[in-house]
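See the structures that follow.
There are two complexes below, and they share subunit A, which is joined by subunit B in the first and by subunit C in the second.
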Partner chain A sequence: MGSIIQLDRLRKTFPGGVTAVDDVSLEIEEGEYVTLLGPSGCGKTTVLRMVAGFESPNNGSIRLAGEDVTELPPYRRQVNMVFQDYALFPHMSVSQNVGYGLRIAGVPKSEIADQVRKALDLVELTSKADRRPNELSGGERQRVALSRAIIRQPKVLLLDEPLSALDANLRENMRVELRHLHQRLGLTFVMVTHDQTEALVMSDRVVVMEQGRVAQIGTPSDLYDHPASTYVASFIGVSNVLTGHVVKSHGEEITINYGAEHMTAVRNGHAYSDGDPVCMTIRPEKASLLANPKSAGKKANLLKGTVREVLFQGSIARASIDLASGDTFIVDLFLPNTSAQSDLPQHGSAVTVAVEPHNVNTFAAEGGS
Partner chain B sequence: MVTIDQSDNIAAGTRRPLMDRIAERSGSDFLITLAGCVLAFLYLPIAVLIIFSFNESRTLTLPLQGFTLDWYSKMFSNADLLAAIGNSLYVATFAVSLTLVIGIPAAFALDRLSFPGKTVFRRLILMPIALPGVITGISMLNLFRVVGFNLSLETVILGHATALLAVTVTQIYARLQRLPRSMEEASADLGASPIQTFFFVTLPNIKAAIVGTALICFTLSFDEIPVTFFLTGRDNTLPMYIWSTLRRGITPEINAVGTIIILVSVVLIVFSVWLLHEPKKD
Partner chain C sequence: MKLQTRKRIATLGVLSPPVLWALIFLFIPYLIMFTYSFYLKKFPTFEPAFQFGNYAQLVTDAQYYQVLFRTAKISIMVGLFSVLLGYPFAYFLVFKIKSDRVRAMLYMAVIVPLWVSYLLRAYTWKTILGSEGILNSFLVWSGILDAPTDIFLYNQFSMVVTLTYIYVPFIVMPAYASLEKIPRSLIEASKDLGVRPLRTFWSITLPLSSPGIAAGMTIAFCLTFGDFIAPALVGGPNGFMIANVLTSQFGAALNWPLGAALSIVTLLIVLTIISLSDTLQRSGKLELE
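Let's look at the complex of A and B:
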């Protein structure tokens, strides 16, 4: 399996001086489902549009299946796109929309009709083949856009915020449907979204972008368990972020001075020297609250604090703890057998937070803070 | 319970102060009268013109003296009049063609390209709308004198096309602005060259706007006097002919021509409004 898309040091500056994409390099394997994730204005859509050919980079190159397509116009590239607003042709019926790509390619009419039927079948829209786009619901339009984009069997399918125009229920269904479609077709999918859940649920790999640059690339669980910066940690899920200094490294473990305490973390591929400032991120569900510090595991890090508030959320309760260091620490308490609120820690009570070393993710602190 | 509720309502109705209801009533009466006056102001003259075109009497005085179609048959045997109608059709047809040929690319340029001085370009194109026809007429007359053109129907065509350019560009540009660019991108994405995209996607979506604009421009050119007045040679267009015969007094024959012009204009305008009307928003 070679890589199907190779982006090499892409840079795009718009007239007016805004650099939307700054030195982005990325390799995407054939058959992968890759998501570009980031807030609006982070350059993710511009990257997608450069792959499609709607924008040309000021610098860098785009290779598609080994061929340099940087200078090719969109209609010469074997990629197809599902647009955020679907961009269906209002003057054509559903089947004319879906068959447009084949008609342009000069495919004989009977074969077009055949393939259109198959493509509409795939998205369960055969009964609406003669409707106009404005007679369809949002979800149906989205599926028309999908089948129009896959009918030419592109090497890569680009999806620009494909679910953003749908309402919440439909969006959840379509997440699963898109994932299934990806498995069935075996095409490479590249999607852009600002929705972290969407990215985590649907993709094989996620590219988190920040201000035109790649902040981190990894599998959803990589990004969740081992974020490489505060930005990624806070963009995906909820994290406790603590800063300290490396005191000592020994083998796979490092000891970090945090406030008045010493904490142990797993190195996880990072190299630190003694005295380096370091950030620790800990997910709320990977810490626990102990009434009695003695009951903790041998290696667990223990942080003393007092309960500020506990929010009951059904299957879990989220506790905010004021640590001795002054930071606030969030712990999720699982309530498998009891939902009695009286069992939850009370405001003001002294507790100990316990975190196993392998649940402490570290990275070099940015700047001084 | 129910009966009590009802009596309550009735009581509330009668309890409302009488003066309030009178004021409300006369207020809406006043508005209806006002609206009626406005309509009368606009359409009474036209109604008079149509009615007198069927009136037997030669003079335009009441009372009416019986129904006749004489004025219409007279009109169709008047060679000068028919020539003027022919000239007007000739001018309108070519003025509209010329303004479309220049206006459509200009609208595309405004919508698609970014070039230095674009705002100035747009303002300059739209200016003739605000400019009185007299000014357009005089300035073009001067220009043709300087260049050495002889005045003819062709110079009138140039004048009309110039004056109508503002209308054309505004209408087509407005349509292009509402056309999502992603639609053309989708076409390119699906393998269509720019020319294919233009004919398969762009043109079908702006076709109605083009035809509608052409119809509006046609009626505007057909009725035009100020620019024509300055730029025509020996040949007269219809409005010019009517105007020149009016100096010898209004004849019912003119009323007949007027009635026919009104009829044709209304049909064209209704048709163009229908074409320019957006299809149901999706």
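Let's look at the complex of A and C:
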């Protein structure tokens, strides 16, 4: 499989001086499901719109299946888009919407009918073929938009916040549906979202964007377990962020001075010199609370603190611990059986937080802080 | 007092002024006019009767139905030309002007003439099209003509020009509103599906803005149909329209029953056009929701 999209140092500055996209380079493999993730205004939608051809970059190039399409208008690009508001034509029925592109292209009527039926079958909407968009529910409209976008078998399907207009229940179902559709069609999907769960659940790879730039690219588990900056760590899931200095590197392990304690972390490909400021991120569910410090594993990092509060959240309880260093540390406590609840630590009790070295993710502290 | 009774009284209180207004100033006058249309002319006034002679005269006497046809023809032409000028302008404002300020300025430029008296704007065309007018002076000065011509003024051409000029703003306003309401994503979606800009205009933009066109065209048509100032100022002997005949029936000709029948016919024609256009606009509006 080769790369189907190559973005080379794309830059887009809007009249008025806002640089929405700043030096973005990205390669997407054929058949991949890639998600651009970031808060609103981070430039992710502009990247998608440049791939579709609705915006033209000030700098850089876009290659689609090896062909430079930077200067091609949208109607000449073999990509199709599912719009955030679905953009269904209100004066046409569902089947007219889906067959619109084929009809204008002059495809024979019988063939259009055939393909429209197949495309609607795929999203299970054959029974609503004669309805108008305003007679459909939000989820149905979304599926019409999908089938309209895939009927011509585009090289790439672009999805602009496809689930944002759906209510919570439907959204969860559609995540799985879209994922299945992707597997069934074998097309390349490029999706834009600000919802981290969506990005993690649906994509093969996630591109996290920050102020027009790529902050990190990786598989969902990469990004979750090894965020490369506090921005990524805090945007995806909840993280404890601690800062310290490297004291010693020995093989794969590094020792970090944090407050009055020493902590051990796994290097994980990073090169540090002694004395480097370093950020540690630890996921709340990858730490545990110990009543008795001696029961911890041999290598575990132990941090002393007192319980500030414990919030019951159903399957877990989230404990906030005031560490001796002054930082607050969050630990998720699993509640595998109902009696576990009565064992939860009480407010003010002294506890020890235990974290295995391989659960401490590190990266160089930004700005020397 | 019961809540429901109180609500009912409140509803009546709110409704009664407009209902009274419509009754006194609209429905009763229409009713009087309708009654008059069956009366008999009897010099010097008329006498109550119930007969269809007035209506029959309108259908059989060429001078009346020809004026009706001419009025309809001029109204349709004014409606069409206003759309041909006003719609592209509105399209240009909505889709091609990037700056909000320039757009607002151009929009105002179209609307501002409405603040000037209609009479004055119609009169202006007299000074443009007349034999001593600006157009003739220019043609003679540039050598295209040897002597001034009088073909520009006092005919149906000058009436259509004048009325089109006057009603273009009435097209621009609803056309602008309906074009602005079309989500840009629809036009992008069309292009995304491989459809070129011109086809996109025909298949998406035009059908979705047709309610605005219909509204504007209806206004231009109906206002032209009842107009009597433009014919009087720039129409000349062949530019007489139905409203001029109407005024003369109630004035010089002193035939109120015939005038009443004529106004009922005019009213019916205009009402038909309005309700047709209304149906069209309703179906269009439903779609954009």
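Basically, the second predicted complex is superposed on the first by the 364 of 369 C-alpha atoms of A that agree within 3 Å, B and C clash if a C-alpha of one lies under 4 Å from a C-alpha of the other, contacts with A are read in each partner's own complex, and residues count from 1 in each chain.
By definition in this document, a contact is a pair of C-beta atoms (placed from the backbone, for glycine too) under 8 Å apart; a residue touches a chain by one contact, two chains touch by 3 or more.
Because the structure is a prediction, the values reported are computed rather than measured.
On subunit A, do subunit B and subunit C fit together or clash when superposed?
clash
State whether A:N134 touches subunit B only (first), subunit C only (second), both chains, or neither.
both
Kindly classify A:K294 by the partners it touches after superposition: subunit B alone (first), subunit C alone (second), both, or neither?
In the superposed model, A:K294 contacts neither subunit B nor subunit C.
Of the partners subunit B and subunit C, which touch A:G101 in the superposed model: first, second, both, neither?
both
Given the touch rule stated above, what does A:R184 touch, subunit B (first), subunit C (second), both, or neither?
Touch partners of A:R184: none, neither subunit B nor subunit C.
For A:H250, select first, second, both or neither according to whether it touches subunit B, subunit C, the two together, or no partner.
It touches nothing on subunit B or subunit C.
Touching subunit B in one complex and subunit C in the other: list those residues of subunit A.
15, 52-54, 73-75, 79-81, 83-85, 87-91, 100-101, 104-105, 134, 148-149, 152
Where on subunit A is subunit C touching in the complex?
Residues 15, 52-54, 73-76, 79-81, 83-85, 87-91, 100-101, 104-105, 132, 134, 148-149, 152 of subunit A touch subunit C in their complex.
Provide the residue numbers of subunit A that touch subunit B in the complex, in ascending order.
Interface residues on the subunit A side: 15, 52-54, 73-75, 79-81, 83-85, 87-91, 100-101, 104-105, 133-134, 148-149, 152.
Can you list the subunit C residues touching subunit A in their complex?
The touching residues are 98, 183, 185-186, 188-197, 199, 203-204, 207-208, 284, 286-289.
Under the touch definition given earlier, write down the residues of subunit B that touch subunit A in their complex.
Residues in contact with subunit A: 114, 180, 182-183, 185-193, 196, 200-201, 204-205, 279-282.
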